[in-house]
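See the structures that follow.
You will see subunit A twice below: alongside subunit B first, and alongside subunit C after that.
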Partner chain A sequence: MAKEAVKYVWEGAIPLQIHLHKSDVASHPAPPPALVLAPRIGYLPLLIPLIKPYFKDSLPPGEDSIWFDYKGFPLKWYIPTGVLFDLLCAEPERPWNLTIHFRGYPSNILIPCEGEDSVKWNFVNSLKEAQYIINGNCKNVMNMSQSDQEDLWTSVMNGDLDAYTRLSPKLKMGTVEDEFSRKTSLSSPQSQQVVPETEVAGQVKTARIPVRLYVRSLNKDFENLEDVPVIDTWDDISYLNSPVEFLREEGKCFTLRDAINSLLPEFMGDRAQTSGEERSIDDTEEADGSREMGEIKLVRIQGIEMKLEVPFSWVVNNLMNPEFYLHISVLVKAPQR
Partner chain B sequence: MDSAREVSDGRLTVEGFSVASRAFADKWKIHNQSFPPWSWVPLINRTLLVSKKQEEGYLSLEKIIILSSLEEEIPEDESLNVATDCLEKEETVDHTILVPTMENEAHYYDFHIVYSASYKVPVLYFRGYCSGGEPLALDVIKKDVPSCSVSLLLESKWTFITQEEHPYLNRPWFKLHPCGTEDWIKLLSQSSSSSGCQMPIVLYLVSWFSVVGQVVGLRIPLEMLN
Partner chain C sequence: MSQEEKAMEAIKDALRALRKRHLLEEGAHGPAISALSRPIISQGSEWKEKTEKLETELQQCYKAQSRLSEQLVIEVAESRTSKAILQEKELLINDLQKELTQRREECTQIQEELEEKTKMVDVLIAENQEIRSQLEEMTGRVQKAESENKMLIDRWMLQKMQDAERLNEANDLYEEMLAKLKANGLETLARQQVDGIVRRNEDGTDHFVESTIPSTCGHRIHAHEGGCGSIIFEYNSGTLFTGGQDRAVKMWDTNSGALIKSLYGSLGNILDMAVTHDNKSVIAATSSNNLFVWDVSSGRVRHTLTGHTDKVCAVDVSKFSSRHVVSAAYDRTIKLWDLHKGYCTNTVLFTSNCNAICLSIDGLTVFSGHMDGNLRLWDIQTGKLLSEVAGHSSAVTSVSLSRNGNRILTSGRDNVHNVFDTRTLEICGTLRASGNRLASNWSRSCISPDDDYVAAGSADGTVHVWSLSKGNIVSILKEQTSAILCCSWSGIGKPLASADKNGYVCTWT
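Showing the complex of A and B:
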């Protein structure tokens, strides 16, 4: 069953309609937009070889420095395409209309991108960080042979799940038991999973899960997602690159809600669960009673709107990206101050 | 939650980082008066996310002015040619030389010490820019940094610099890679026992910076290590 879900994740794709920015149009008439199917687990710069042929005859002379924007909002190229889509389109737009630029790279906002090499470097770096979080060290990634690392990257670039499944065991990432199936996955040849559990005291086991959380905060409630305004600055998105401490207690299921609560405690509605004295003593707004809790409106992972009661172990074992990071997009209504 | 005074594995918790940062900033203020002080920037001001139980934040040292090296001047020690309000250099320097001219621009540097939740160690982020705000490229920055720092950069496997996005500011900064930090912190630990290499939390950042600072040409006085 686990394999099915992972297959869907790898096959997930977003139809893009790419428009050439008008300042880069040196031909008349302007070229029509390019239609490209972008893998969710892929990255925008990897699509450039597919897109460029559509526009190369229209470009002004000079060197290319390629970047993308969504309604004027420059896109961070090192975030997987699916995550960008889930985060920036409250109401999914199909096809997703993006603009490509070949000049005028906004290097005060975006880190430079030298094509595939930059994307690969970013991928390997994230993989090392994820491994460090899961295993406590990144020696397996570091010790991987150059050709194995190349092959692993190529399998991701090409969306080749079979090749990836053959190579990823070399990373020796630990595994996490599915809480709903009560089956240890260590001996199962079909396992493609995650994290070693470290025994703490008694029945509680903990594991660290690599999570990248992207939080978009809105000032008010919206009836329809399509009414949510388009974002205009990355400062409106809070990015949290922080591992989730996965707590395993006998008789309790650690849910996605628990995971998000550990990263965003201010947004979880069930105040009865937090003990009074854990509230910060300088939280004077609460004492006044004038502060309302924020509210989580939407949680998306791999394009799926998640029910928060799902066991976190299932999410981890099925919805991770190939670099072993779980990317979670959250839309929240900000607490009123 | 974490009342330990020492760490034995070279890594810090987020609370430990907060404690270590205050201690570092305090010692710096006392012993390193030729530099402006470090300030603590709480995350609560920086992002929409309200910080959790403890105050999370990072250390910031900004607008350090470095004049691009004048050809004639050979620095007495290997620290940066830092121009600050209270200049305490021993060589007789005519103050008019320190005024930026067309050939010798003033370069400004910002340094942030940020906690990495993934690696559980501090990470140094920095950037350089001209008076107009244009960012400086890494090869320009390397010219501002004394040559011994540059060789530390090139030859050491512990220190390499990459350009990445600042974790909170949505801008490209340079980052000194954290891999291996806990290993060399253990080497710096002042005592070791069967339970590991003990590093008092209040000295963690001081020890860390005594190494990391050198890579970017910032030295700390030895008194800070007491």
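Showing the complex of A and C:
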């Protein structure tokens, strides 16, 4: 079952309906939108070879500088597709309607993208960051041979989990011990083998988990997610790139809630399922300053919302991205003055 | 529920959420999208294959094109050379054609010539045959003629012999007569010597002939076109010189009336003429300010005497020497010329124009008749005026000397003819007639050789003849129709010639 989750994560894909922006339409009639399945763990620039054939006849002459936007909001390309979807679509829109531009790259908002190479570089960089956070150094990544790096990247691009599983041990990343994963997998001698290794490698009492946290703050409270307005500026999104200190305590399970609290201590308010003790404290605090406090409305990882009691170690081991980062999308109501 | 159970629950919940998501997202949309994209991808690959194929074809085409263009270059070069050759050949053909046409033309020409020649040959053959036949005829005739000739010669010889005999006889007779004549001649000579008059026969001496009174017209000759201004007889002959307005001097035989010769070369009208004593030269005074001297026998102009500045209206030559010529012109001069030298030797000036001129017998004195009616005498050698006498009330038109040199006849426009004695310049006789009017300023009259008769023409075409000794008109000759300009009496007594304004000359006997 542990494998099952990872498989679902790797197979996850978002249906995109890509429209060609009308300023780039040079043919008559305008081309119909292209439908593609975008891997959640992939990136938007990698989709360009799939999308371009649909639109190449309609393009005006000149050089292409491709970028995407969602309802006028330029999309940053180094964020995995799944994360963008979870973050920007409060109510999941399937298929997700994006607009592709071939001209007029907004260099003041987006950093330049030189195609697949930029994305690969970004991936490898993130990998090094993650290893540094986990192991304290990134020599393993840097010592990896060029062909292995290429193969690793190719496996990520193609969504080839088997190849990835074969190559990733070379990174010698330490993982969090996760007895729950062991327990969920009924008979998986492999996992048992894997676990002792990792335990030998880096099972420590305290581990540091690389996390990227995307917080979208809203001004008003909404009852329904459908009513959440479309985002119009990146200023509404704050981005945290800080590790989570994983405290391993006996008898106590480090839950997702604990992780979020460690990251966003100011957002005390949770959704409906909260533990009783905490709630009472929260209520008072809420009663005092619920208006001053922000409220976490939504937590999404890999497109799903979970009970916050879910053990963080399971989350990390199953739901992390290929570069060993965990991307968490959070929707909060902004604290008011 | 323990925490662990809660955790497990949460994990299951999470898994359920993942499955649900899968169904919603990639499960639902994946197959459709892949189905949609397949044709695009396949199309894309198709297009790629097509482009690759086209590219290879294009390369092949380029290669083929380069090969073809190489070939083309070669072909173009070859075609140029063959064009050049062709042009050369064409030029050659043109030249050959031209030559051919030339040759053809030559050939036709030659053929034509050949035809002509054959024709000529035929003609010649025919002629040849004819001539041969003629030759045969001729030879026949010649033979006949020879035989005749022979016969005639024989006869002639016979005649000659007969003549010779007769001649012999005649000679004998002649000798007898001569002897008789000699005897007579001696008798007469003796008689003459007794008379006391010795008559010597000199060259140049005039023969005395009795003049007859002319009455009938002998010939009427149309001598000149225009007027005939001057006529003169040769010495002691019947040959008449006439000079006219047509600038010709003609020589006539008055017996037959035929023209003997014409002398040309004068540049102006002949106004007056003179003949040398030996009849060898004729001098004419012309209106072109010149005098022309012809040699009669050859008919060529021997001298042209220039010097007068106006028309020369009168000329006379010395009877004595035939060398001195005197001429008068309307520039109021008289010039004396030497024919041997060929130029003027003396010039005499006077106030009134001279119309007629005459040299004395000895050739030393000049008689001139002038417009003022005077007759003047000049010495040739000095050119001085010797004497002058008023003869007429109006212009003197003619001055002519008698044969013996004693009398001089002057005619004037007052229609009076005076006869002066040359030594004393006294009037010996005056002649007039009622019908006699002088036509022009140069109407010439003349005295007969025996110094007895005077003839003068008049404006009505009649010629009046007076007798000097008796002083009356002896004859009026009517024949000519226009005014008479000139009269001349032959030295042998007859005929009398008169010339008129229409150029007709009449001879009277």
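Please note the rule applied: the second predicted complex is superposed on the first by the 287 of 337 C-alpha atoms of A that agree within 3 Å, B and C clash if a C-alpha of one lies under 4 Å from a C-alpha of the other, contacts with A are read in each partner's own complex, and residues count from 1 in each chain.
The rule is simple: a residue touches a chain if its C-beta (ideal position, glycine included) is under 8 Å from a C-beta of that chain, and two chains touch if they have at least 3 such contacts.
Since the structure is predicted, the reported quantities are computational estimates derived from the model, not experimental observations.
Trainee: Have a look at where A:Asp162 lands relative to subunit B and subunit C in the superposition and call it first, second, both or neither.
Mentor: After superposing on A, A:Asp162 lies clear of both subunit B and subunit C.
Trainee: Looking at the overlay, what does A:Asp221 touch: subunit B (first), subunit C (second), both, or neither?
Mentor: Touch status of A:Asp221: no partner.
Trainee: Is A:Glu129 contacted by the first partner subunit B, the second partner subunit C, both or neither?
Mentor: In the superposed model, A:Glu129 contacts subunit B only, not subunit C.
Trainee: Examine A:Pro210 and indicate which partner it touches, taking first as subunit B and second as subunit C; both and neither are also allowed.
Mentor: first
Trainee: Using the superposition on chain A described above, determine whether A:Asp57 touches subunit B (first), subunit C (second), both, or neither.
Mentor: neither
Trainee: Have a look at where A:Ala334 lands relative to subunit B and subunit C in the superposition and call it first, second, both or neither.
Mentor: A:Ala334 contacts subunit B only, not subunit C.
Trainee: With the touch criterion stated at the top, can you tell me which subunit A residues are shared between the subunit B interface and the subunit C interface?
Mentor: In subunit A, nothing is touched by subunit B and also by subunit C.
Trainee: Which positions of subunit A touch subunit B when the two form their complex?
Mentor: Contact set of subunit A toward subunit B: 76, 107-112, 125, 128-129, 132-133, 138, 210, 215, 217, 233-236, 238-243, 264-266, 278, 280, 334-335.
Trainee: Inside the complex, what are the residues of subunit A that reach subunit C?
Mentor: 1, 4-5, 8-9, 11-15, 35-37, 50, 53-54, 92, 94-95, 180, 183-184, 252-253, 255, 302-311, 314-315
Trainee: Quick check: in the complex, which residue numbers of subunit B touch subunit A?
Mentor: 47-50, 52-53, 117-119, 135, 162-165, 167-168, 170-172, 179
Trainee: Considering only the defined contacts, which subunit C positions touch subunit A in the complex?
Mentor: 3-4, 6-11, 13-15, 17-22, 24-26, 28-30, 32-34, 36-37, 40-41, 43-44
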